[in-house]
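Multiple structures are listed underneath, in structure tokens.
Next, two complexes with subunit A in common: one pairs it with subunit B, the other with subunit C.
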Partner chain A sequence: MSEYNFAYLDEQTKRMIRRAILKGLAIPGYQVPFASREMPMPYGWGTGGVQVSAATLTPDDTFKVIDQGADDTTNAVSIRKFFEKTAGVATTERTAEATVIQTRHRIPEQELTEDQILVYQVPIPEPLRFLEPSEVETRKMHALEEYGLMHVKLYEDIARHGEIATAYAYPVKVEGRYVMDPSPIPKFDNPKLEMAAIQLFGAGREQRIYALPPYTKVVSLDFEDYPFERTRAPQDCGLCGANDSYLDEVIMDDAGRRMFVCSDTDFCRARREDGHQGAMAAAAEALT
Partner chain B sequence: MKDMSPIDRPLLQVAGLSKYYGARIGCEAVGFELWPGEVMGIVGESGSGKTTLLNCLAGQLAPDAGQVLFDLDGIATDTVTMSEPERRRLARTDWAFVHQHAADGLRMNVSAGGNVGERLMAIGARRYGDIRTQALDWLGRVEISGDRIDDRPTAFSGGMRQRLQIARNLVTGPRLVFMDEPTGGLDVSVQARLLDLMRGLVREMGLSAIIVTHDLAVVRLLADRLMVMKDGQVVETGLTDQVLDDPQHGYTQLLVSSVLQV
Partner chain C sequence: MSACVDTEALSGGFDTPPVAAAHAFRAAMSALARPGRIETISGGRAPAPVSVAAATLLLTLCDAETPLHLAGAHDNRAMRDWVAFHLGAPLVAPGDAMFALGTWEALGGLDRYAQGTPDYPDRSATLIVELSDLVASGSRLRGPGIRDAAALNLPDPVALQRNAAQFPLGLDFYFTCDSRIAALPRSTRIG
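Showing the complex of A and B:
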């Protein structure tokens, strides 16, 4: 612990990141450039989220990390350990107990409160990037609110697939102004972006931070005749029987057996502890 | 299509337009008026400042001196001094720009329908069905068969790409079209078809257009009036037939006599 400054980054860096966060909160959805630091992990492993978490954490915080909803995957475990070691903060897997939650690609099923901060890891912060490669041009488009191009992407989806096939990183408009990439969360989570908690987005490689203050209006883009639709696998969770959570498909063998389970492991565990049982819970128990 | 009844003022008034590249002249002291429904050709050899002039007119290049007054609801507005958001709005509503290379004017990784629909969506169209219908209509008008609507321009021939670029530009019903060598790089039979199409569209929609080209046949077919440029200066102006059949300036005479008579 004594080898590191609290939460790994030095205080000047944390102040710089906090200034970017405050600016991001003041202009919801606007991508604030910041001087992203080298972190002791590769780009793509959450360096942006880790820096935002480091600048946000206080010694009294309880920290939770999820990767695709799960607390026990490599990315989540290693980032949790990183902050246990460098910040010495308490960590938890329970959503309700956490004050800062760093997430990759999911919003927890359980509704967050005003006392919590949700930190997203963002690979590509620019929603217009795949249609307009020039950064100069995309910045200009944001500045002048020229967002027609975003609908070209949705048009292409419908033309090719008969529906808006974008299933994750679904573009949203924030407070009627900035179009924002909500990071690669499934579009199932998009309606949850209007929440009580502060949401911070960090992109390490791209050196951008953006933010959503609590209760910010967030609208998923769509066409009048092809409205935004929230999608999930039409199954119940095999373990806890939930019919309203986002599900992962798990291949069980090479003979076509599969099961659908909640992607939010904490949510699923809590339900099972409450006595809920899915159709395959007994079979899964037998496997372990 | 357009309300053309009271033509009592020019659409575009240009005065003293100059652009310098350091000590060299891009174009110097160019002035003219363009009236609604009129097609003007700018001819001259490579390096004579045609494209510089066109880019200055279309707001893609900032001129060093001069005015470009565009008629906006009866008020002649200087597009050189207007703010960039206004100019960009103009560029996707009242103006259109047809590039020499279709790849510069199209989104090559977006389907033909998406290319045509982009300007509609940029000005607020949010009904997929309507966008699709308009895109199909415009593909038809530029003689691209409807079943190619979901193909990308990369799968199109040069002539088709150019026609798609024209459809993409005209879908919002602009009043002024800038064209930079629209037939450059196409073989003659494809050129002829494209010229025929453009002539039809210009007449039908009552478009005003400024066409930059070094091909005298193109202006003979399309342009009402002609401006001849050399070394950044306008050396001769007049009605197309008058300039081409009775050239006054020595350079124009050279230009006209350089065309091979087949």
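Showing the complex of A and C:
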């Protein structure tokens, strides 16, 4: 612990990030520029989320990190270890026990409470970026509330695929004002963006922070005749049998056998501990 | 000109800055994310008439990068020395300030402060308003961060309504009283 300042970053950097977080909360959905620092991990590995977490954590916190819902992947493990070492905070894999949760591309299945903070790692914060490469232009489009292009994109989805084919990073409108990229969460998670917890979004390489205060109105963009649809694989989890969670497809062998399992590992584990069993639970047990 | 700084200016900082600032920020963030909610914040002390909450907030958010405006009785010799020693924040006129501290009356008209621009609405001032009383009753608040409705004794609801009407431009407010703090971001609808 003595080798690092609490939570790695120096105090002046944390103040700068904290000011950006507060402006982000005051203008929900607006991307606040901040002076993102070099972190001891490559861009794309959650440097934005890590900086926001560092500015948010206190020694009393219990920290959880998920990567696509899983606590045990490389990204999640290394960020958890990073804060164990530099902030000395307690860590957990249990959603209910965590006070700060850093996430890459999922919202936990279990409903979050007022006492929790969800920190997102964001690769491309600008929802209009793939439609308009110029930052000068997209900034003006946000200022003028000129979001027609985004609706054209969704319309082209329908023209080409017969439905809105955007499956992740599905754009939302925040409090009727800013169009926001919810980070590449599956659109299955979009309805959960209206929650009791504070949500903070950090994009390290792109140097942006944005936020959603609790209970902020978040509407997924759609059309009257093509309303927003939440999608998931039409299966039950092979391990725990859940029929309401977001599922990952796992290839089992060279013969193409596959199974669907909960992407939220903590949710799946808790269900199995409660005695729920999926159709492939025994087979999966045999594999390990 | 005296070369000697009043020793009062040297005290009042955080005992353990990283930890105290982390706790103070969480209280300040919780207050701003849930407008109207009154949080407790402490750890800093500044010369009179600055409250514990306001001193703690300054230590948490302000430094050499944040021009600060001290208004009315808060702009005194002891406080200027304290700011110079603990924050290093440049003291400026209202129009150049990122943060301003004073009573509601002393802070004066809200249009004197930076409101942000359509391209960069975040480039607006945050006002720290010292109140003699802070209670969860009075004006009705709705908007982001509030499930149904909240209430707070706002100093001038009409002026604050005008501020909210400018969203996404406008000022953000912290209200401080002793070691208690509440916030009113521009996104909150009043009444």
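We adopt the following convention: the second predicted complex is superposed on the first by the 288 of 288 C-alpha atoms of A that agree within 3 Å, B and C clash if a C-alpha of one lies under 4 Å from a C-alpha of the other, contacts with A are read in each partner's own complex, and residues count from 1 in each chain.
Basically, contacts are C-beta pairs under 8 Å (C-beta built on N, C-alpha and C of every residue); 3 or more make two chains touch, one makes a residue touch a chain.
Here the structure is a predicted model, which means the values were calculated and not measured.
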Give one word, clash or fit, describing how subunit B and subunit C relate on subunit A after superposing. fit
Which partner chains sit in contact with A:Y43 here, subunit B, subunit C, both or neither? Use first/second/both/neither. neither
Does the superposition put A:R160 against subunit B (first), subunit C (second), both, or neither? first
Which superposed partner A:L144 touches (first subunit B, second subunit C, both, neither): both
Name the chain, either subunit B or subunit C, that contacts more residues of subunit A. C
Specify the angle subtended at the CA centre of subunit A by the CA centres of subunit B and subunit C, expressed in degrees to the nearest 10. 80
Would you sort A:K23 into first (subunit B), second (subunit C), both or neither based on which partner it touches? second
According to the stated criteria, A:F228 is in contact with first (subunit B), second (subunit C), both, or neither; which is it? neither
Subunit B versus subunit C as contact partner of A:I198, first or second or both or neither: second
Taking the superposition as given, tell me the minimum C-alpha spacing from subunit B to subunit C, whole angstrom. 10
Common interface residues of subunit A - those touching subunit B in one complex and subunit C in the other: 144
Touching residues on subunit B, where the partner in the complex is subunit A: 84-85, 88, 92, 107, 109-111, 113-114, 117-119, 121-123, 126-129, 131-132, 149-150
Okay, in this complex, where on subunit C does subunit A touch? 17-19, 21-23, 25-26, 28-30, 32-34, 60-63, 65-66, 118-122, 124, 126, 143-147, 167-168, 172, 185-187
Report the residues of subunit A in contact with subunit C in the complex, numbered from low to high. 5-7, 11-12, 14-16, 18-28, 30, 32-33, 55-60, 139-140, 143-144, 175, 177-178, 196, 198, 211-217
Where on subunit A does subunit B make contact in their complex? 131, 144, 146, 148-149, 151-152, 155-156, 158-160, 223-226
